[in-house]
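When the chains are written out, they are named A, B, C and D in that same order, and each has its own residue count from 1.
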Amino acid sequence: MTLSRRYTLTLSCPDQVGIVAAVSGFIAEHGGWISEARHHSDEDAGQFFMREEVLADSLPFDLETFRQKFAPVAERFSMTWKITDNARKKRVVILVSKQEHCLYDLLGRWQSKDLDIEIPCVISNHETFRSFVEWHGIPFHYVPITPENKAAAYGQIMSLFEGAEGDVMVLARYMQILSGEMCERYLGRIINIHHSFLPSFVGAKPYHQAFLRGVKLIGATCHYVTADLDQGPIIEQDVVRVDHSDQPVDLVHYGKDIEKAVLARGLRYHLEDRVLVHGNKTIVFR
Amino acid sequence: MTLSRRYTLTLSCPDQVGIVAAVSGFIAEHGGWISEARHHSDEDAGQFFMREEVLADSLPFDLETFRQKFAPVAERFSMTWKITDNARKKRVVILVSKQEHCLYDLLGRWQSKDLDIEIPCVISNHETFRSFVEWHGIPFHYVPITPENKAAAYGQIMSLFEGAEGDVMVLARYMQILSGEMCERYLGRIINIHHSFLPSFVGAKPYHQAFLRGVKLIGATCHYVTADLDQGPIIEQDVVRVDHSDQPVDLVHYGKDIEKAVLARGLRYHLEDRVLVHGNKTIVFR
Amino acid sequence: MTLSRRYTLTLSCPDQVGIVAAVSGFIAEHGGWISEARHHSDEDAGQFFMREEVLADSLPFDLETFRQKFAPVAERFSMTWKITDNARKKRVVILVSKQEHCLYDLLGRWQSKDLDIEIPCVISNHETFRSFVEWHGIPFHYVPITPENKAAAYGQIMSLFEGAEGDVMVLARYMQILSGEMCERYLGRIINIHHSFLPSFVGAKPYHQAFLRGVKLIGATCHYVTADLDQGPIIEQDVVRVDHSDQPVDLVHYGKDIEKAVLARGLRYHLEDRVLVHGNKTIVFR
Amino acid sequence: MTLSRRYTLTLSCPDQVGIVAAVSGFIAEHGGWISEARHHSDEDAGQFFMREEVLADSLPFDLETFRQKFAPVAERFSMTWKITDNARKKRVVILVSKQEHCLYDLLGRWQSKDLDIEIPCVISNHETFRSFVEWHGIPFHYVPITPENKAAAYGQIMSLFEGAEGDVMVLARYMQILSGEMCERYLGRIINIHHSFLPSFVGAKPYHQAFLRGVKLIGATCHYVTADLDQGPIIEQDVVRVDHSDQPVDLVHYGKDIEKAVLARGLRYHLEDRVLVHGNKTIVFR
């Protein structure tokens, strides 16, 4: 059931003839076995995107050497690129407030190794989940947020995230608006779950807005956080059917199921390096 | 496979104790056999909604007598109500422009009797579908719309609709904005299919808007037409998954499938008297 | 956000004229306020099914008196019926083996009060989840099952269930086949989640079967347990899309999300007395 | 809105190092611009699958020359391969009986050019749709099937198909079982829509079977026809929710919507050379 160790190469560059040939030629020349590959050309933007998985054992060198040897190819095509090793677990820092559904869901997936990650710590503006988190053997940090202490509090969170060598920060229904500085510094590394089918019902109380409009489906949206509230690149969305008999409290209830499912899928795509960002949109090589 | 003849009673009134007892008592007293029943209480609004189907043969009188005898019950509870006979086919007038997917879909359902309706005529601002419609034995009326002739043209459409004794007008991707007067006069009787998951992407070119925002699902919305564009009570909605590789032309393509499916479902609910309107929302007793 | 206290009356009886009138007349006569009602006539079987919610405060007597006073009505129509009080939390005993996804999901819903139930104990044939369950303050019973001790083990489980005054037993991916005696004794009170879209892929390793057949959707089924393995009345089902790139291990992964969602929905319908069983089928008044 | 002309190369071969490099190297060497690419490795089977779209204008030669020049590459890797030109419309022969929903749907898509195909003829064992088909300017052939004339009738259908230079034969609810010879001769070129979510409810009257089992979702399956009834490789499937109130006649009704949607999607994948068959399964590069 265990998959073999893989390197994942992701890149984007201005589109032109010969990119695939150059990349796959490089890999083949060193005996690399490509186990999965996806390309996408954005013809309007003239931009090319690629993701390839290579069996680690098929290459005669390590990632450091790969990076050195591949650099000239990347330079020739002006690539933005990276290569990661799936043997190194990503470090996911979870931020949470008082709702547990996403937290339970993520810790359950971590516990069962369905999400093969490290969770170096959980950070919250409430003490609510300390003992639950600590029972899992995961450090819990209480960082209260008040109108007065925001700068200091966000500074503390950034320290904790960097001290934990976090790769990605997950806002698991974290009910605070991050500072612009923080959004900027970790661009493409903070994932939020919004409780509506964006762009419908931006802002506060989306389920209440949905109830008032009388929609027949409600949804959730997993997106990267940017300084523009609820406007970041969308990674994943889904919906569930509701009807006239559902009160706002019912919408909240159904919504939780969609929120945790959509967050889990979006996070997984990110962790497996399946998401490339271009402008305010994502390419998701599922 | 044929269902027996039924009367369908729909009503709404201020909620209070004893409504169901009074209605079902009245029906039982006359030997009426209730084959399907749905109630809904809107507790915030204090309003009660009901739909009951009664086997026509179980009652000793016709609809006219039913209406007379039931009137005192209705008055006692200040009901807004009606009763219809499913043996009388509803008369559906279709308005169409240049896209055929909804028209083909509706005529196919009519042809196969899946939609057991009369289509007294099709009205269009283009000649495109004349021969296709006429081949089905259905009259086709060409009513061009220009910026100058709008009042006259809508007057002509209203004449045609009333001359055809239309029960409901279906905008099957009819790319014109109806006059406020027309919306007002046929309130609750004009059904539109909008090519987005409202309230997202109101107005023109919703698929293009969806493409620019990078959403992962697109949808369609069937709603009653009101004077506020795209703001009327929603009857039915659905969505379909798209991804980064889909261009606006692909979204249009997938969207058509959702549009015709959602329009067909919404229209069916309306034709079977399953939709009650309250303010800007619908109760749909599916 | 809290809903008022309600009594829920569910019944079925041979269909005839006057049932709704008799029931709603009885309720109205005592000032009972019906907040939700659903009926269903199975015309082939000639059987009628009803569920009504009545606001507890609108009635001048308690449930015991209701039962006495309603008995003659029930008798007149040969009803099978019961009435429950949503102020009394149902007692749910969970059986689990070594997979945690359903257990985490159910305990998370219990913790957040999204499922407003008592969990008097968790029973398992493995020690795996003892400390996790006990951390929640819920007793954990280890009842190993071997080919030799089955009769004794199931006897012990029945004792634990009855000692806990369990209302319903949930098999949350409990990988043992219950004894016929146990299925018989708790008919309609044991809920299982099967990891396929029944009736496809009955029996062992359904994800592997699905992989070999090359289906494009996989599913899960929540059903009442009967002595016929995987054949009991279906309460709820759902599916998720897969494709050629998904290995059995991926199907297991996606399947878990569907399993926990379907189990949670099916259990909720049962707990809210929305499920009536007729032969091998269910009426679910969602 | 029109896409540029493309060649589509599809191939499969035993998996080994260097396939992508060889193929993309060949294309790049001749200046070919790859606009879309998908690969898949079946690790169990040790088989590799690829689909690439190349902009026709970027290559300095035509398809015939491509085939000659590429042959040595194909031979080196023991490829099964083909290359097609999307400027040449595929020829789709439709077989139909007495149900119109799939026929209306396909002709509507053809009429609007959503399906950019030729329909050289429609063949039926009933005269029902002659005038509808002929109104579209499409030849209609009536080939009655009786227990006695089967061999002759299927011979006639094969003559018509070959006379029409058909690429693919679509069974649009054609209620006859094709001869083994015919299945064999056009393997991978006959597409059927089965009215159940296979492998559930194989054989006759699947909606009735679904009703009796009390499933909560019904579905449809688009698959290649093989000599084993309902056992061929699955191209596409989908489902729709039903409930206890739905009679078999309702299941048929909902089912039709799913049937036509699933058939249209499956056919499109086939026409765009997105489907590769391996054993009894498909790789669908959507």
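Going forward, a contact is a pair of C-beta atoms (placed from the backbone, for glycine too) under 8 Å apart; a residue touches a chain by one contact, two chains touch by 3 or more.
Predicted, not measured: the structure shown is a model, and the values here were computed from it.
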| item | value |
| --- | --- |
| Taking each chain's C-alpha mean as its centre, the one farthest from subunit B | A |
| Subunit C on subunit D, rotation in degrees - Cα superposition, rounded to nearest 5 | 180 |
| Whole-Å separation of chain centres (CA-atom averages), subunit A against subunit B | 42 |
| Subunit B-subunit C separation of Cα centroids, rounded to whole Å | 36 |
| Subunit B, residues touching no fewer than two other chains | 36, 40, 245 |
| Subunit B - residues contacting subunit D, complex | 1, 3, 36, 99-101, 104-105, 107-109, 111-112, 114, 131-132, 135, 245, 249, 253, 256-257, 261, 264 |
| Subunit C-facing residues of subunit B, complex | 17-18, 20-22, 24-25, 27-29, 31-41, 43, 58 |
| Partner subunit C, residues of subunit D touching it in the complex | 40, 197-201, 213-217, 219, 233-239, 243-245, 280-284, 286 |
